[in-house]
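Letters A, B, C and D name the chains as they come in the text, with residue numbers starting at 1 for each one.
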Amino acid sequence: MKKFVNDPKQYVPEMLKGIALANPDKLRYVPEYNLIMRADGPNPNKVSIIQGSGSGHEPAHVMTVGRGMLDAACPGDVFAAPPMDYVYETTKLMASPKGVLLLVNNYTGDRMAFEMAQEMSAAEGINVKTLFIDDDVAVQDSTYTVGRRGVAGNFFVMKAVGAASEAGADLDELIRIGEKVDSVTRTMGIALTSCTPPAKGSPLFEIGDDEIEVGVGIHGEPGRRRAKLTTADEMTDELLDAVVGDLPYRAGDRVALMINGLGGTPISELYILYGRAHEQLRQRGIEVGRSYVGEYCTSLDMAGASLTLVKLDDEIERLLEAPAEIAARVF
Amino acid sequence: MISSSVSITAFVVHSIAQTAVDKEREFGDLDAVVGDGDFGFSLARGFEIVLQEWDALDRSTPSVFLQKVALVIAGRIGGTSGPIWGTAFLRAAAAVKDKEQLTGADVVAMLRAAIEGIKMRGKADLGDKTLLDALVPATDALEAELIAGTDAQRALERAAVVARASADATTSMQARRGRASYTGERSIGSPDPGAVAVAVILERLAAEWSLS
Amino acid sequence: MKKFVNDPKQYVPEMLKGIALANPDKLRYVPEYNLIMRADGPNPNKVSIIQGSGSGHEPAHVMTVGRGMLDAACPGDVFAAPPMDYVYETTKLMASPKGVLLLVNNYTGDRMAFEMAQEMSAAEGINVKTLFIDDDVAVQDSTYTVGRRGVAGNFFVMKAVGAASEAGADLDELIRIGEKVDSVTRTMGIALTSCTPPAKGSPLFEIGDDEIEVGVGIHGEPGRRRAKLTTADEMTDELLDAVVGDLPYRAGDRVALMINGLGGTPISELYILYGRAHEQLRQRGIEVGRSYVGEYCTSLDMAGASLTLVKLDDEIERLLEAPAEIAARVF
Amino acid sequence: MISSSVSITAFVVHSIAQTAVDKEREFGDLDAVVGDGDFGFSLARGFEIVLQEWDALDRSTPSVFLQKVALVIAGRIGGTSGPIWGTAFLRAAAAVKDKEQLTGADVVAMLRAAIEGIKMRGKADLGDKTLLDALVPATDALEAELIAGTDAQRALERAAVVARASADATTSMQARRGRASYTGERSIGSPDPGAVAVAVILERLAAEWSLS
């Protein structure tokens, strides 16, 4: 395993400590609950927004805490939903008179932990609601499954509700906005390699030198199918077809286009994918209003990328445009 | 031989906890096939805490003891396993509330309550390719043996054998709950990690019981 | 080769096209010279700042063009200094009455191309000066070598002169500032894996599963030594010792600390290194005034990281603090 | 046999260009050992353009022709090789300015001028482990053969043999210029890519000369 690791069990706590040290004025780390919170939170004049999930997806979500996005993030261990206690304690700590919004990617473990924590917090009189994000078109919904997975599209939900809450929106309004953004957000990813969880110390799955996993999950879960490695253009087109095909689009529609790196793919390659996707959208008469290229929701060191489209309207575009200040920053 | 029901309960929990810690890698590797590889890590980290806090856990009754264990598990194990296993232990505790001594029938009642809890929490049922597919047939076997008057050691051994066969049989199932369900037909061909864990736990328990 | 590539010869042009498409209002791409320039440039009221170098180091430098940083970037092919023509044409296109500053990482090929282009531009009456960046402490300077290499520390030079030029500083003042920042900036890197140049299609060098290259260059050049993979803490300490030991530091000194990912290392690991480095600096009585964690100057898909320290004074800190708007952005 | 000096010059340049394009991978791999692997790519992309623009290149005199080639190389090849090879071609052109027919002595003068240009541009000298360490001894050999009255074919063959031996001999040198110099003693043990390229070019030229 070629990683910068000390004790794999300390992987997450050491990362969180680093985040807090790098942002001493802005962020606070509460080791007992893996909690990263705004140093000035909770703010009684705004709804507190909390996202939790397994770790290994950084910058999501521990590096997206800050003005205009999350008030706190409460991560579990690598690829493991946070224990219910952590969510519960985080909710109590961040409780605001305006309420608490829990953002949860749609996975069984995450749903359970957050639903149980919500019940317990509500019992203590905290006004808390939960919003599930499920943007992945790779796995089809059916009565037998637990619904679609939440992947990189969660960035847009976070960003939109973050901006709205900063502007004073109440909890119901945030739920409305978050559900709306989620409903127009679609993502699909491709893995070129596996990732290596630090505690496992070896790749999570086997994949041939000429193979890709189409529709891979951000925890290295298998996707739609194994296919042969092909050109950047062909892979982009496959992702785009799947994502565009999942919502009714009309010529003249405006979208946000995100090419998200899964961790091991350099940004130069992401821009190659971006260029192709942008041009193909243009050919379909769809206009890119906002663009996002980089790492937003990763799968440790996996080489690969996902493509997200958000169908824009004026309200969503305005919320996405609003400024924010988070740990994942350049300057 | 264990002298009271609290001690027996503690012995069983200790065996389960030790299995979770010792089999971390094996359970993790099973989960890596169509899951995300964290099952072993999650169980081990949670049961490690149970073992760390072992001496301090309230032992007034089997029920109280199990409840304390359940709180550690539900509160500190991440992933799907935290809520699932935590609920199982909590329901088992509730099933024998206030009892000092437990009979074979009590043990079966605890397992049935745990099973109901898992079904409720996971919105899962038999055949969904989860730990239920080992736990339910093993409980059935245990109950049948106890009703037939078999001694505890034999009954446990029988339950372990059934659990193993049932866990093996999950290989041909398609997952309909949990992370593995996303993969649809590709979940066929490997056993469910949770079901295998139930088998491994029962096998070890049966082996240790004779030595206790 | 597990990469998103079409034709390797089009790797750089396709990336540049993607950058321009993703930033239509801000950036312009001139295919003839691999040129990425500010759409509103050249600005006659400010010195134009241009950086060139081989590609494969993204976001450096094609993604750091924008208000407060570069006015243009002029990259060569992967790991190859740009051809002299490109530099010359870029200089002519960006010529401002206030002059042109060429930022160059100290490598033989880059020096030659920029020196020749500078001569030719000067002959045409353009006021152009060149500033060489050489922050890498891994390779020792000697009469036999061409001096130290320029690596991730170039970010700080770009940022400082970018901010100063935006505030109206003239060319000589920018040279003074750039030289000052370069003189207090020190970097060293460690590679865990090789990188794979797209045209080569296989790893640039062999490295064992338990080996690291200490002091690696950003083009995959060997560094000080091959060593055994060890813990994140020990690797951080080795980098820190080398970097701190190369400038006289006193207790109470303030620094900017950068942990730069080389391309294949996830940001979670970078924060583990950051946390250790920050704490070790504190133990030495050195205070971290500004922190930078992420990818600033990569080596394609290489797993690894570099550590940079900049000794701060009020002037440098103010310039680093100033806002900037570049393609490498989150929102 | 080639009929005029411009044609001979064009024949030589074409051979060099074709070698650069054909040997892209080999030259790149050599540069990957202690360099950055782009040497083959850079040369190939530049000489590819020379070949693309082949018919349009001004052929008034050998000097004019070489100057046009030099401009493409210096302007379009990246890395260290662009300025180095471009300067070499430019200086060779200048050495025979206005001449229509080139003698053996002219050819040696062109090579000497190219060598001086490389030394100036690269602040390099013999023994620094660069292409000079093959180009200089090969030029010496060529000159000696021509003075001794050997025919062009034999003289070229001899120069190629010397270039190859000299390129091989760079293996034991420590680089003092260019990217390889950063590695200090670790540059010992592999030949210099630029020097090997000189040998490969001369070998091919010698082979093709007899067929021309």
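We adopt the following convention: a contact is a pair of C-beta atoms (placed from the backbone, for glycine too) under 8 Å apart; a residue touches a chain by one contact, two chains touch by 3 or more.
Keep in mind that what you see is a predicted model, and the values were worked out from it rather than measured.
Q: Quick one: which chain's Cα centre is the longest way from chain A's?
A: Most distant chain from chain A: D.
Q: How many Å are there between the centre of chain A and the centre of chain C, using C-alpha atoms for each centre?
A: 29
Q: Taking each chain's centre as the mean position of its Cα atoms, how many Å separate chain A from chain B?
A: Computed value for the inter-centroid distance: 32 Å.
Q: Using mean C-alpha positions as chain centres, tell me how far chain B is from chain D in Å, no decimals.
A: 75
Q: Approximately how many whole Å separate the CA-defined centres of chain B and chain C?
A: Taking the mean C-alpha position of each chain, the two centres sit 55 Å apart.
Q: Could you tell me which residues belong to chain A and also touch two or more other chains?
A: In chain A, no residue touches at least two other chains, as defined above.
Q: Tell me the shape of the graph of touching chains, choosing from line, ring, star, complete and other.
A: The chain contacts form an open line.
Q: Kindly provide every pair of chains that touch.
A: A-B, A-C, C-D
Q: Mind listing the chain B positions that touch chain A in their complex?
A: Those in contact with chain A are residues 25, 28-29, 32-38, 41-42, 45-46, 74-84, 86, 121-122, 176-179, 181-184, 186.
Q: Show which residues of chain C lie in contact with chain D when the two form their complex.
A: Those residues of chain C that touch chain D are 9, 54, 76-85, 88, 107-109, 112-113, 116, 138-140, 144-146, 149, 197, 199-200, 204-205, 217, 219-223.
Q: Over in the complex, which chain C residues touch chain A? Could you list them?
A: Residue positions touching the partner: 2-6, 11, 14-19, 21-23, 55-56, 58-59, 63, 159, 192-193, 209, 229, 231-233, 235-236, 263-276, 278-279, 288, 291-296, 298, 300-301, 303, 305, 320-321, 323-324, 326, 328-331.
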